[in-house]
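Each of the next two complexes has subunit A plus one more chain, namely subunit B in the first and subunit C in the second.
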Partner chain A sequence: MHIVDGALAPEVLIGGGVLAVAGLGLGLRKLPIDKIPATGVLSATFFVASLIHVPVGPSSVHLIMSGLAGLVLGWTAFPALFVGLLLQAIFFGFGGLTVLGVNTVNIAFPAVIAGFMFRGLVSRSNPTFAAIWGGCAGALSIALTTLFVAISLGLSGEGFVPAAKLVFFAHIPIMAVEGLVSAAAVYLIMKVKPALLMADARISRYDAQSPAILAEQVNEANNG
Partner chain B sequence: MSHLFGHDQPLSVQGGGQRPSSFVGSFDPRVRVVAAGLFSVMVVSLHQIEFALAAFFAAVATMFMTDLPLRLTLKRMAAMDGFIIVMLVMLPFTTPGTAMFTVLGAEASKEGLQHAVLIGIRANAVVLMMLSLLAGLTPVGLGHTLYRLRCPAALVHLMMFTVRYISVLHDEYHRLRMAMKLRGFKARNSIHTYRSLGYLFGMLLVRSLERAERVLEAMKCRGFSGHFPMIDHLVFRQRDALFGVGFLMLVSVFVILDRFYVVAY
Partner chain C sequence: MAKLATGVFLAGLLFGMQAAQAHKVIASVFPSGTAVEGEIGFSNGDMAADTLVEVFDRQGNKIDEIRTDADGFFVYTPSRKVDLVFRADLGAGHVAEASFDIADLTGISGPGSIAAVSSDDSANITVDGAVVGDNATKTAITREQEEVIAAIVRDELRPLRREITAYKEKNDLQSILGGIGYIFGFFGIAYYLAARRLRAKATKS
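So, the complex of A and B:
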């Protein structure tokens, strides 16, 4: 999914960079100081997702979970996923610096779109239907990401078009797997802690945490 | 790979570095970060294979001035090359141009082959130079550097939190995975596997949010007001300026030569 440095045309790189800066600006404006720790921890969780390998056929792929990131974080998924990509680019050498903008747009923008499309549906449904919508969000975000990757390759030269098509079709099983895993994750979250997927409810929880909730937290198993 | 972000990592920004840093590592990280960015932009704008190759050798030379372990670096480069190999192999066959050779009835064009080679060299040059220039820079150090380079504070804080919790959550993931293993879970191509891994990730999210709430409360207790004091001793010395100017000159020479000097084939 990462595009490397040197493959894309300069126009695509600049366009991606501008879009990424715009998205980052919007995302950071929606990020109050109070939510920086929570967003950072969630961003780290989505980074860890990319370290989890899932078998697909004879090979394995790593999870991306960008659909779930969009559901949980909304616009702030943009900076959260950007940070992950930046760290991957700098410390693992995946992708590069000049394509960072394009890669961020390709991964974070679908996440935000999927988040906004399915957020309301997920928060209003019972766990089973929420899982279905969550699965749709997960599959859709991967589909859009591969589409965006194909578009950025296609815009950079005629010769890339067959490769772009190949990338798209090769990712269809990955879309299915991401959808299934996201559906299961949403199902569990709706059973265990639905507040995570109710964006509006969560903000009010920060402002006024009732003693009952605090007592509940004390009783919960302390995991570190 | 999360060990890179381990919390027991020596913070070179705190103690001035326990081990003696390499030649490249001895320069101000701000200069190195900017130089890495400049170099990538320069390499991406090169059109001729000869100059891209020269840039790649410049990156190799820089690597030998660092204390990067050679094998690990080559492994990382190979991982990166794995991403693009399919595209590079396909490119000669899909670009129209003068035919060079045929494989199974598909014609490979000279232009396509040149383009593929150029992309491969450019990608490797950028990654190698970035790994070399930023060698020895810890993620926390990178955060401080970006802050000093006037990146938005919210973004830097977000990055610092992410860096801090990646290793913690990776440990948490291993704990959950261990519990699954004890119960006989084996990853296969089955719905059961995907559902179990989904539950695993969902649980990871729930726990991380609960952790985030505790973290926020603890921080509020300590009077967090949205700003971290950045503890670092970044000093911009004369040799950093020299390094910057030298690097800028190298980059400009590459770009100018690439534009005006055409190597005859």
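So, the complex of A and C:
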């Protein structure tokens, strides 16, 4: 999942860096102020998830939780996962600093795609179905990530098809576990705070009301 | 049907073999007499069995290549006196790299080190008051015995070295909590900046 330093060609690293910066810019532009706490929490979730090892058969896999980030955050998943990856590289040595851009794109872009594909379905369903769609989003984002990793390796000189097969099959258990955990998380969110998954509707309402809210906030600030 | 069964079998095989790939790669090399011992594996304890390890010098010129055994273990005897870089590609973007400083490789056959050791020994023994002369100590340890002792010490130290490598890879609660703290702090600053901008915009309009 995390490509390490020295595995990729310089062109791929630069390309990944440019794409990551573009994604970060887009994510930060689309970041409404009331989404910042959720972004921070999901970033922390992603940061810690890689340390949670789930035993599967003789081996174990670790969680990634990018699908949930994409579902809740949309494009804002880019800054959230970037911060998570940066700190994972510094604290745990997962991946590395030169491959940070590529890793960000490989993990965050699939999260964004999965988020956009399933967010509508999740927000319109009852909790049970929302959980199923959430699980699909979690599994899909991992599957797409394996594809992106294979593309990165393919562009760096390894054969694309063998690399893709290897990475995809290696991540089948992660997809299953990730799907289950994402489903559980979405179920919980739908029960406790469904507004988190209805992001679009909420933003437009916020925008419509914003002059009134802002005026109120300014008054509060002056009073305080 | 047979095709499906083969497909499932192959998938199972690949998944069994490669399930460890989601973990961090660890490579360590250490001196062992005149040779260099090394170990390559994943942070969850799966070792890289039968993997090609390429040996480079510091300038990146390929010198040699070796294969690991079933436990991800390899022994390489350097033919030239240059610093070495060991590199193994474990597939799927996992590259293990470990460098080795040739100066660490003393080798037990160095006459200087033996002389130093035996003279130290004799000094200690004289202080203790035992009736052992210098000559007796020197003849007591022959080259064969020296090699046997070196081998024993290496075997005794090997688990310790593994433990140290494992310990270095351990993520303690401190760094996890520290990381979460950094994330919350970072987004707190972002929140502050966003709030300031919002307020500035509101005052203007």
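Throughout what follows, the second predicted complex is superposed on the first by the 186 of 224 C-alpha atoms of A that agree within 3 Å, B and C clash if a C-alpha of one lies under 4 Å from a C-alpha of the other, contacts with A are read in each partner's own complex, and residues count from 1 in each chain.
Just so we're on the same page, contacts are C-beta pairs under 8 Å (C-beta built on N, C-alpha and C of every residue); 3 or more make two chains touch, one makes a residue touch a chain.
This structure is a prediction, so every number in the text was calculated from the model and none was measured.
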Next item on the list: Could you tell me whether subunit B and subunit C fit or clash when both sit on subunit A in the superposition?
Entry: clash
Next item on the list: Quick one: classify A:Ala7 as touching subunit B (first), subunit C (second), both or neither.
Entry: both
Next item on the list: For A:Leu26, select first, second, both or neither according to whether it touches subunit B, subunit C, the two together, or no partner.
Entry: neither
Next item on the list: Look at A:Thr39 in the shared chain and tell me whether it touches subunit B only, subunit C only, both, or neither; answer first, second, both or neither.
Entry: both
Notebook entry, point to check: In the superposed arrangement, which partner chain does A:Leu180 touch: subunit B (first), subunit C (second), both, or neither?
Noted result: first
Notebook entry, point to check: Can A:Leu121 be said to touch subunit B (first), subunit C (second), both, or neither?
Noted result: neither
Check: Which of the two partners, first being subunit B and second being subunit C, lies in contact with A:Ile113: first, second, both, or neither?
Finding: neither
Notebook entry, point to check: Any idea whether subunit B or subunit C touches more of subunit A?
Noted result: B
Notebook entry, point to check: Thinking of the overlay built on chain A, is A:Val149 touched by subunit B (first), by subunit C (second), by both, or by neither?
Noted result: second
Next item on the list: Could you say whether A:Ile172 touches subunit B, subunit C, both of them, or neither, answering first, second, both or neither?
Entry: second
Check: Which partner does A:Val192 reach: the first (subunit B), the second (subunit C), both, or neither?
Finding: first
Item checked: 23-31, 59-67, 77-85 or 185-193: stretch of subunit B that collides with subunit C -> 77-85
Note to self: With the touch criterion stated at the top, can you tell me which subunit A residues are shared between the subunit B interface and the subunit C interface?
What the structure shows: 2, 4-7, 31, 33, 36-37, 39-40, 43-44, 47-48, 51, 53, 56-57, 60, 83-84, 87, 91-94, 153, 163, 166, 217
Notebook entry, point to check: Once bound in the complex, which stretches of subunit A touch subunit C?
Noted result: 1-8, 31, 33, 36-37, 39-40, 43-44, 47-48, 51, 53, 56-62, 83-84, 87-88, 91-94, 149, 152-153, 163, 165-167, 169-174, 211, 214-215, 217-218, 221
Next item on the list: Would you mind writing out the residues of subunit B in touch with subunit A in their complex?
Entry: 1-2, 4-5, 36-37, 40-41, 43-45, 52, 76-77, 79-80, 83-84, 86-87, 90-91, 94-96, 112, 115, 118-123, 125-127, 130-131, 134, 139, 142, 152, 154-155, 157-166, 168-170, 172-173, 187-189, 191, 193-216, 219, 225-226
Item checked: subunit A to subunit B touching residues, read off their complex -> 2, 4-7, 10, 13, 24, 28, 31, 33-34, 36-45, 47-49, 51-57, 60, 63, 65, 68, 72, 79-80, 82-84, 86-87, 89-94, 96-98, 153, 157-163, 166, 177, 180-189, 192-193, 196, 206, 217, 220, 223-224
Next item on the list: Can you check the complex and tell me which residues of subunit C touch subunit A?
Entry: 11, 14-16, 18-25, 44, 46, 87, 89, 91-95, 97, 169, 171, 175-176, 178-180, 182-184, 186-188, 190-191, 194-195, 198-199, 201-203, 205
